[in-house]
Every structure is written in C-alpha cells, then in structure tokens.
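Pasting a structure below so you can have a look.
Going in written order, the chains are labelled A, B, C and D, and every chain counts its residues from 1.
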Amino acid sequence: MIVVMAPAADAVEVEHVIARLVERGFDVHRSTGAERTVLGVVGPTADLDPAELSLLPGVEEVVRISSPYKLVSRAFHPGDTLVRVRDVTFGGEEVVVAAGPCSVENEDQIRRTAAAVRAAGARLLRGGAFKPRSSPYSFQGLGEEGLALLRRAADEQGMALVTEVLDPAQVPLVAGYADMLQVGARNMQNYSLLRELGKAGKPVLLKRGLAATIEEWLLSAEHLVVAGNRDVVLCERGIRTFETATRNTMDISAIPVIEKRSHLPVIADPSHGVGIRDKVPAMARAAVAAGADGLLVEVHCDPDRALSDGAQSLFPEQFQALMDQLRIIVPAIGRSI
Amino acid sequence: MIVVMAPAADAVEVEHVIARLVERGFDVHRSTGAERTVLGVVGPTADLDPAELSLLPGVEEVVRISSPYKLVSRAFHPGDTLVRVRDVTFGGEEVVVAAGPCSVENEDQIRRTAAAVRAAGARLLRGGAFKPRSSPYSFQGLGEEGLALLRRAADEQGMALVTEVLDPAQVPLVAGYADMLQVGARNMQNYSLLRELGKAGKPVLLKRGLAATIEEWLLSAEHLVVAGNRDVVLCERGIRTFETATRNTMDISAIPVIEKRSHLPVIADPSHGVGIRDKVPAMARAAVAAGADGLLVEVHCDPDRALSDGAQSLFPEQFQALMDQLRIIVPAIGRSI
Amino acid sequence: MIVVMAPAADAVEVEHVIARLVERGFDVHRSTGAERTVLGVVGPTADLDPAELSLLPGVEEVVRISSPYKLVSRAFHPGDTLVRVRDVTFGGEEVVVAAGPCSVENEDQIRRTAAAVRAAGARLLRGGAFKPRSSPYSFQGLGEEGLALLRRAADEQGMALVTEVLDPAQVPLVAGYADMLQVGARNMQNYSLLRELGKAGKPVLLKRGLAATIEEWLLSAEHLVVAGNRDVVLCERGIRTFETATRNTMDISAIPVIEKRSHLPVIADPSHGVGIRDKVPAMARAAVAAGADGLLVEVHCDPDRALSDGAQSLFPEQFQALMDQLRIIVPAIGRSI
Amino acid sequence: MIVVMAPAADAVEVEHVIARLVERGFDVHRSTGAERTVLGVVGPTADLDPAELSLLPGVEEVVRISSPYKLVSRAFHPGDTLVRVRDVTFGGEEVVVAAGPCSVENEDQIRRTAAAVRAAGARLLRGGAFKPRSSPYSFQGLGEEGLALLRRAADEQGMALVTEVLDPAQVPLVAGYADMLQVGARNMQNYSLLRELGKAGKPVLLKRGLAATIEEWLLSAEHLVVAGNRDVVLCERGIRTFETATRNTMDISAIPVIEKRSHLPVIADPSHGVGIRDKVPAMARAAVAAGADGLLVEVHCDPDRALSDGAQSLFPEQFQALMDQLRIIVPAIGRSI
C-alpha cells in the first residue's frame, strides 16, 4: 500500500502516520520529495483499510498496490488451470458447452432436452432443481426429485451434470448427484455457502454477481480456494447497468480481463446475459470470439411451455445452428469445439 | 398484464396469443382499435413472464400493470405498519436511532460504545458478531461469544439489540440473543435465509442489496411476510453506481419512494452509504430530512483502532453532535427523536 | 399510451383523467374490468409526459406503448438502410472497417498509419483533428491543418475519411475535408450540432453517449433524420458502469438490439470500448461475431509515442493479425470483410 | 504518478520504464524494495496517460496521485469561493434558492410564477427559453422572445435571472438577458460551449452530467476557469443508475464530497433529481440538510398545463410549504435561508 501525503503535510503529520503503521506491525519505506512525501507500506496489507488511513491528518490519498486476492491470481500461478469435470476439461483447447433447461420440470422434458443438446455437441447437461426466485409466488424447483431426474438424463447421454446449490446445508445432497456445483449470481458473496463448497470435493462453477466487480468475483473464488477447493470455473452472466433493453448487460470484456488476471477458466452464460432468446446466439458467438473457455446455454425442448425462463431458452434447432456457427469461429482463436 | 400487438399484427397472430393465454388459465379482455389491438390479461399473472409473451409473433410489447409484490404494498395495507422491538417502535412519530460498532471486538469496547451511544440518544445497540467479508483474510467476527457480549452491553444500557445473521442454520442461535435480526445487503436475495427468518419470531431489518431495485427489495420483504414474519423494517444503505468518490451512492430518494409504495418502515444506514466518517453526518441529516423512520449508524469508542470499518465509524462526540443537529431538523417533518 | 387506474379509483377520478386527455386533444378508449379500469390514449402522444398523468388522482401506472422515435424504426422502414460513403457501403454484406490514429499528429505519422491500415484491409481512414478532452491541459488536436493532412493521407491510399466534428459552427469546414462526419459520445445529445449535421450533405457516424440508453441513442438519430440527413451509421463504444477494470463496458448486446429495432447500420468501436490495447482484438472479434456492420479501430504507427490514447491503439501488425482472424469469423454470420 | 513494477519485473524492464519517462521529460524517483520496485514520476503529469505506462513490460499498476484539476481544488484555494449574482451570493451563509418553471411559455405564466416564488423566498428566477429535448417532436422553447419575457418578470420582482444556453454561438445573446448562464447536464462536456462561457463575463451554473464522475465534473469547471471565468457554481441534479423508480438517482453525497475537494459553491436540483413532484420536497430538504449552498427548484403556476416537465414542477403552495420546512432545518447546519 502507498500513502501519499498532501503537499502541505508537515513533519508531525508524516511521523504520526508512520507511527500508526508501525504500531500495526507494518514496515514503512519513506520517500521524501521536493513536493511531497510518499510512504510505502510493507507487510500483509490485505486487512488494512485504505479508507482508514485516508482520514489521518495530512494524508492525501492511499493506494492499494497489490490485488487483495492471491491464490487465484496469475502472479501466483502463471500457467492456465485446467478444471476436469468427469471426461471434460475446462481451460484447455476445447471450448466446452453446457446446455439444458433453466429448471428440470419432469422426466420427459429433461430426457428430450438432454438428447437434443447432446446431439448438437454439448458436453455437460445443465438444469436447476433448486431455484432462487425473486418472487415467492414463482415455481421454486422440484428439489431432490429434480436432481434424480437430471442425473438419469445425464447418464443416459453420457454427459456430466452441473446444477445449482443454494444453501450450505444442501451441499452434500447436491454433490451426491451432480458433477459440478453451480453458485448463482445472487449467492456469489454467500460466504457460508462458499465455505461449505470448499469441502465439497466437486468442481464449482462460480457465477459473477449482478453488481460484482471483477475483483470481488475473484475474491469469492479465493474464498473457495482458501476453503480447500481449487477446481473453480468462473462464469460471466451479465451485470446490472442503466440499460433496460436487455435483462442485463453482458460484460464480454470481463473475459479477456479475467484471462490476464487469473489462471482460472472463464465461461459465459449468454441466456441470463441478455434474457431473451433472439439475442442469445449473437452473444454466445461474441463470448466465444472474445476467448471464453466455454458456454452455459439454456435450451428447452418446448420453450413456450417452460415453467421458468422460457423466453431466454433456445429451441433445440436454434442451439444446433449456433453450434454450427461456433465451429466456424473457433479456429480464429486457435480453439476447437 | 397488457399485451400490445404491433400495428401490423394480423388476426391469426392475435388469436394465437389469446389461445396461449387461455390455455394457461387466464381470461383475456380484447380491445380492438383503429391502429392496433390491445389485450388485457386477467388472473394471477405474478408468475407469467412478460419476456415470454413478447416473443410471440405480432406482439410489440408486454406490460406488467400490477406490482409483483402484494402483502407489503400500500394498496394491500394503506396504513403505516408499526414494528415494535422491545419498547421501541419503528414507523411511528419517533425517528429511531440504532448505533454501535461495526463488529463487537471485546467487552470493554462494546460496553464503552454502548454507554456512549445510549447517552447521546440511541435506542438500539447495533454490532456484528458474524461478519461477511469480501476477503477471506479479513476478521470474520467473534461468533457466539460476540453475541453474548452484545447482549450484556445492551441489557446494561436498557437498549434493544440488532445484529446480523448470515446463515439459515444460525437463525435460532442469533435469535436467542438479539431483539432484531439483520439481513445484510449481500444476503437480500438469500431465500433460504429469508425463509428461515420468516419463522424466527423476531423482527427483521432487511438491508437493500447493492444492485437491488426497489421492486426487488420489496419482493424480498414479501418473501419474509409470506414465510410468516410481518415485522419487517427496510434499510437503505447505498447502491453501486459508476461514482467511486464514495464507497456507494446512497439513494436517498428510495426513502420517499418506499413510503409511497409500502406500509413498512424504512430507515437509512449512512455509514455504509458513504463509507467514510467525514461524510456520515451530512448523509444522516439528509436521510432524516427526507423522511426516514430511523438511522443505523456506526459508532466506535476508538475508531482508529477498530478491527473493521473504522474509517466509517463516528467518534462518540461526533455522534452526539449529530444527534443534536437531528433534534433541530425533525420538527420540520413533524417527527421527534 | 395506456393509463392504468388503481383498483380503488372511483368514477369521478376516471372521468377526471378522461377529461384531461380529451382537453389535450386525445381520443380515449375506456375498458372497464372487474378489478380496474384501463384507458387507451389515442393520438400523437410523443410529447405527452407519462409522469404527468401518473400524478392524477386514482392513476396507478402510465405506460407508453409506442417507441418515441419513428423514422429510424424498423416498423417505419422494415428493410436495412445502406449508407454509402464514397465507394464503401455500411449495412450490406461487407463488414466495413475504419482504422487510424486517435489524433492526427504530423504528416509522417498519418501517412505511415494510413498505408498500414489500408494494406491490412481497412476501407476508411479515421483520425481526429478536433479533440474533446476532459482536461483543459491535454492536447486538443491540430485543427484545420490536421484535416488537410488526413485528407491527403486518405487520398493517397484511396480511402474514405471519417473525422469528428465538435461544434455546429465547424460543420461546413469539416464537411469540406471529410467523407463522413463523426459525432462523439459526449455530443450525442448536442442538439445544435445534430441540427447542423442534418444539413451537412455528408453521412454521419453517431456514437452512443456514455450513459445513453438505446432509446435515447435512436432518438438522437431521429434528430438527424428529421433535420434532413438519412445517412446515419450508429456506433457502440462502451457505456459507463460500476466496473473499473476496463475504461468502459462495451455493450455488445446493443448490436442485436439495434438490428431488431432500427433499419440503420450499427458498428462498434472496441478501442474506446475497453481503452487498453491488449483487450481490443478480443472485443473487435466479439462485435463482429455478434453481427456488427463494421468496426472503428484505433491504430497508430508508433502507439508508444502517440499524443493521445496511445494505450488503446493497436500496432499495425496487431491490426493485421486481427483482420486475419475476422476473415475466419465472418462466414459464420454470412458476411465478408 | 506512481508506477508500481510487478514483483517479477527484472532490471531491464525497470530501466526501460525509466528511460521512457525521462525521454518524455519527467524526473523519476526510484524506490527499490525487497519485493518490488516503485517509481515516482515527477513533473507535469496531467497529460500523461496511466493506461499507456501500464502496458510497458513489467509494470503492474500505475496510479495517479494528484487530481487532474488544479484551479478549482481546495488545495489550490483553501477558502470558500463566493459567487455573486447581482445582490445574491452563493457559497456564503445563506442557502440561495432559484425557482421558476422548466420553460417560459407566455407572459402570464412567467409573471405569475415569478411573483409566487418571490413571495415564498426565492432569490433567483429560473426558466428555459432554449430547451434541449431528447425528442425532436417536443417543445423546444420560445427562444429570444422567451429571454425577454424572463428578463421582464425577473426585473418586476427584483430577482436575478438564471437560464440555460445550449450553443457557443448563442452565448452573447443569452448573456445579454441573463445574470447567470446555466450549462445543462447534456452539455457538461461540450468544450466549445465551456470555452465560450469562459469569456462571457457572467457567472456560470454548471450542472453535473448524467454519467459524469465528480472528477470529470470538476474538470469541466476547470475548463471554465482556465478559459477565464472564475465564477462557477456547481449543481448536482441526479446521476443515471440502474434504479428506474425515479427519473435519476440524486447523489446527495456529492455535496459533502465537493465541499471537501473544491472551493466552489455547490447547489442541488431536486426537480430533475427525482423527476416527480411528490418526491421533490423530500429531496430538497435532504440536499439542504447535507449542506448544499442552494437549490434550483421547478415551480409552475399551473403545473398540470405546463408544456414541459409539468410532472416535476411544484405548485406555488407546495413551494411555500417547502421553504417553511427549510427555515426550520437550516439552523442545524449554521445557515440561513
């Protein structure tokens, strides 16, 4: 951390800041210039609040110079992390596609959808059994019965299964069925849940929160790694902005930013990103062209009758057409699909 | 819900939309005009997704005309709800102030702070024993030991106690110590937690999420009421915007908006709203002048040595000065403090 | 416009709203239901403020059902508009690339850069002679001398020229040199400038404002068309959000949204979109994959010594590599480059 | 500016950065630590782009340590600047209120409104003759005829007059009628206009842009001061956020932030801030309680029939009631009204 003293700060003020820092156990490197004094703070500053120092007399600005996350940073681990979910690898040469309905509704729906997305080239089946819904009056998912239906449909197609977990107490149950555990956007900072997932023994798909900065997102990934789980895949799914023409604004630039800052794989969810079916293929192509390691796409065998998020689910034939387009695009970035 | 057909929509398209709605159990009121047809959808539309209808051929726009929340709306209950926490009443003539440190750190700190805020006029003691922290390396709170210290300090001063609960499994424990249970901004859409709090038998203080619209915030309150708890106090604590000069942007206008839309009391947390001590009194005055039913203020007996959020905690004498200013302001809006 | 009366509204309140609307010259279509009354307002409602009606007693909500722009909408003109700038056509099968430095600095710089981007496949030369700068202490551009240098470099390479105009009084001067006139993000709602450009006789490149909704952006295009200029190309260049990891957040989803709502071509500016060179190619690929009709890319023959925006300018060889990638991508969407 | 080298940066990379900076004319202060090297850049860095340096090999982060504005900062001028508009002073002990209609519509309207706001205690008359409107189909103002009507109404009441100017070419005309020239939110970064206003010889009211950071807002004020006009009053009028319940989100915290960073007076416009009449008094009270040096309030003698922004204009009796409330509040902050 660097503490920039104001030009008008006097020696007493400078000494006071230094004393405060030394008292807290830090070493201080002082650099006195013609115009102002700058202090370099050396030591474990992750828990030192810049705002606190900025209130001391004579301080003009306080700047954190190291990222608050460590284990998930490229600086800590320069190579790409590969996350294996059964026979599928995230972060390697292949662009991995997970597809399926928003919610599992019944056996027929999930079996037909799984068969369709498998035929088009999806490697994982996605689908929700426990649904977080803004309205208490909306369909909340089938629960454990849904998990069993998902597992059977995935096995039938030889696919890996990713599904969401909402509550720390449910982690063992969901981990008993799924190959990969998804943390939804609303739970990105549910630290009780992250702590439990650290011990789950299954890879985690960590969605970005609606208002989370990339730094906060990586800090949540750090929570998982610190708690014991290194198999983390990040998922961009749109952030909240002033624009209301789309459900969210998909931050495609987060993909190259993550790629530079972290060794973890990053995929994109264009379905939640735009929230309406007719824009999903465009955003899926954009994410892959920008370098995403994979996609999470909502597909439903009969979207018009879906119990949740039907409007953003692709028809199976739309998903097939999208996969055909992606096969043309991926050589441009040296990938396969 | 109202479905506006495009001017170019033909009779087949209109009939198709009507058929789809009737199939889902709704009544449809059709209004045919010179330029276009408008359909009124009658029935329980809370779970009907406007986006889904908007994809049908010939549809130009779909508009939800009733708010998705019911029990918390003024339309449902025109009078003000009074929430009683021991001998204190939120939503009445008195502007209720809760004050205390961000975290309870030790017995001396919490006892001294409680005495100071009580002397200045605070009616509730606030303080965290379980802390949600972005960084896994930050102080996470004292846990149950902290709850016991808070309880003793509150009792000593004859104050009610409000503290945060993070995990559904902790609700009974925290409810055993506290008079009011706080849901933090990161957990506003943690529905497992809200469901558990519905059965807690203690009033809930529901903070607004960092990126939550007022509608989503009221929907989370609806979750609490549906789950069985009508004693809900809302708390504005700043939203995330592009401005970085303050930690968050406090949405003071949410106060009159909530007052018009809901019968629930709404208070404000200026400490998290701006995140830096020297702007807290200005924002506290602003919130009260705008009509807030109360304040949640961070005060620490020695902010410079606080283990968390020291930079936004007031010194006891600053809190006293603020209370004096508020006593001048409240008659302007017919309140007392 | 539709006026939704509250369930509790009585007959007097309904009549009062109708009388007010009739007095303003509108026809009102009344639909009385079991639960509530809904009024359809017929007539030229573009200048009727929904907020005004919403304040009348008994009104619950007011909904605008037609877009406030007309001439630029797909409803008005279903086919794609082709905008011709010399021998280049925006909005057709070709993805059109304009490239060049942020600012023209001297003859050598602009000639070398023009030659490089031409060789790689750019069809228009871009470059600024009048620069809007947040700081009054920054380089403000070469002015008319810069225009002459740009014109000569473009002619030498047989390229069309696009450059920014800042002030209504400068329009004739800039139109004397350039083939296409650019309106920068800061001027998207500078209506004096738009009015002047309506009469300029040259196509306009209209950048999206930093905080402009897609609707406001199309309304600014409508200003141009109403003022007499139908040759408008829209340009997405990033919006302001809470995320600070990139200079702006490029709203790639605006591309398919515009394509659905308007007949005007839409291109993307990845250089301003992310603001840092190493992420520009990823965002350029994303925009084209999402269906953009073209790109505006900053390229500088020596970015490290650029007088403005060097950090977001590509080296010529990076631009060449990007064009090669785009040639692989465009067949996926049935385009050429 | 401070350049933080990555821990892994080697001596060659450090030397390369230093050479580049020295070549650009800066002095470099090098501080070599156990973990990393930090470079202090000394000299006129206002025009040095941090993003550019951040791309050099081995650089981890670049931090600007001085604000890019100078003349408007408190560091440059610690005392409060008083801006005099005729007999009214902004920035002193008095909270100055400017009130009047959004647009001047006719003689009767402006005379009646001026008389009403004067009687209630307003010191300046506000009203628009040139209106920037998102839609080309909306009322655009009466032009010079409107200026004359405003001037006469202000004179009749002995009030100063503030009105908006849109175009650099109009500055002399508007300055011939008005006592204070307003720059609207859409024109905050219209540098041609700011340059012209620098020479206008009349005080300027500079509204904050919808998506402008406080730093950019102060930089626009710096443009005015550099161009020759030191009489600048800032006006917060709401920023654009994700919340749609109000027209904008009024950033009340900008008031104490500006007060700390700049010596210029800052006032608030609650009418545009929330955009709907019933919330205006609450926000006006909040702004004053937070320390605003004044208010700009829309009042109309017959708001229901206003040609623009009627919904956010107060009735004269509401304005009177508001002024009465403010008189109770201001002693809390040591001010008068």
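General remarks:
In this text, contacts are C-beta pairs under 8 Å (C-beta built on N, C-alpha and C of every residue); 3 or more make two chains touch, one makes a residue touch a chain.
From a predicted model like this one, the values you see are computed outputs, not experimental measurements.
Traced through touching neighbours, the fewest hops from chain A to chain C number 1.
Of all chains, the one whose mean C-alpha position sits at the greatest distance from that of chain A is D. Remark: chain B and chain C have CA centroids separated by 38 Å (rounded to whole angstrom).
Each chain gets one centre point, the mean of its Cα atoms, and the points for chain A and chain B are 26 Å apart.
Chain geometry summary: the mean Cα position of chain B and that of chain D are 31 Å apart.
For chain C, the set of residues touching two or more other chains reads 211, 240-242, 244, 278. Of all residues in chain A, only 211, 213-215, 239, 241-246, 249-257, 260, 273-274, 278-279, 282-283, 285-291, 325-326, 328-329, 331-333 touch chain C in the complex they form. Here chain C touches chain D in the complex through residues 20, 44, 46-47, 49, 51-52, 54-55, 68-69, 132-139, 166-169, 186-187, 189-192, 209-211, 216, 219-220, 222-223, 226-227, 240, 247, 275-278, 304, 306, 308-312, going by the rule given at the top. Interface of chain A with chain D (complex): residues 2, 4, 6-8, 29, 31, 33-35, 38, 40, 42, 60-61, 63, 65, 75, 240-242, 244.
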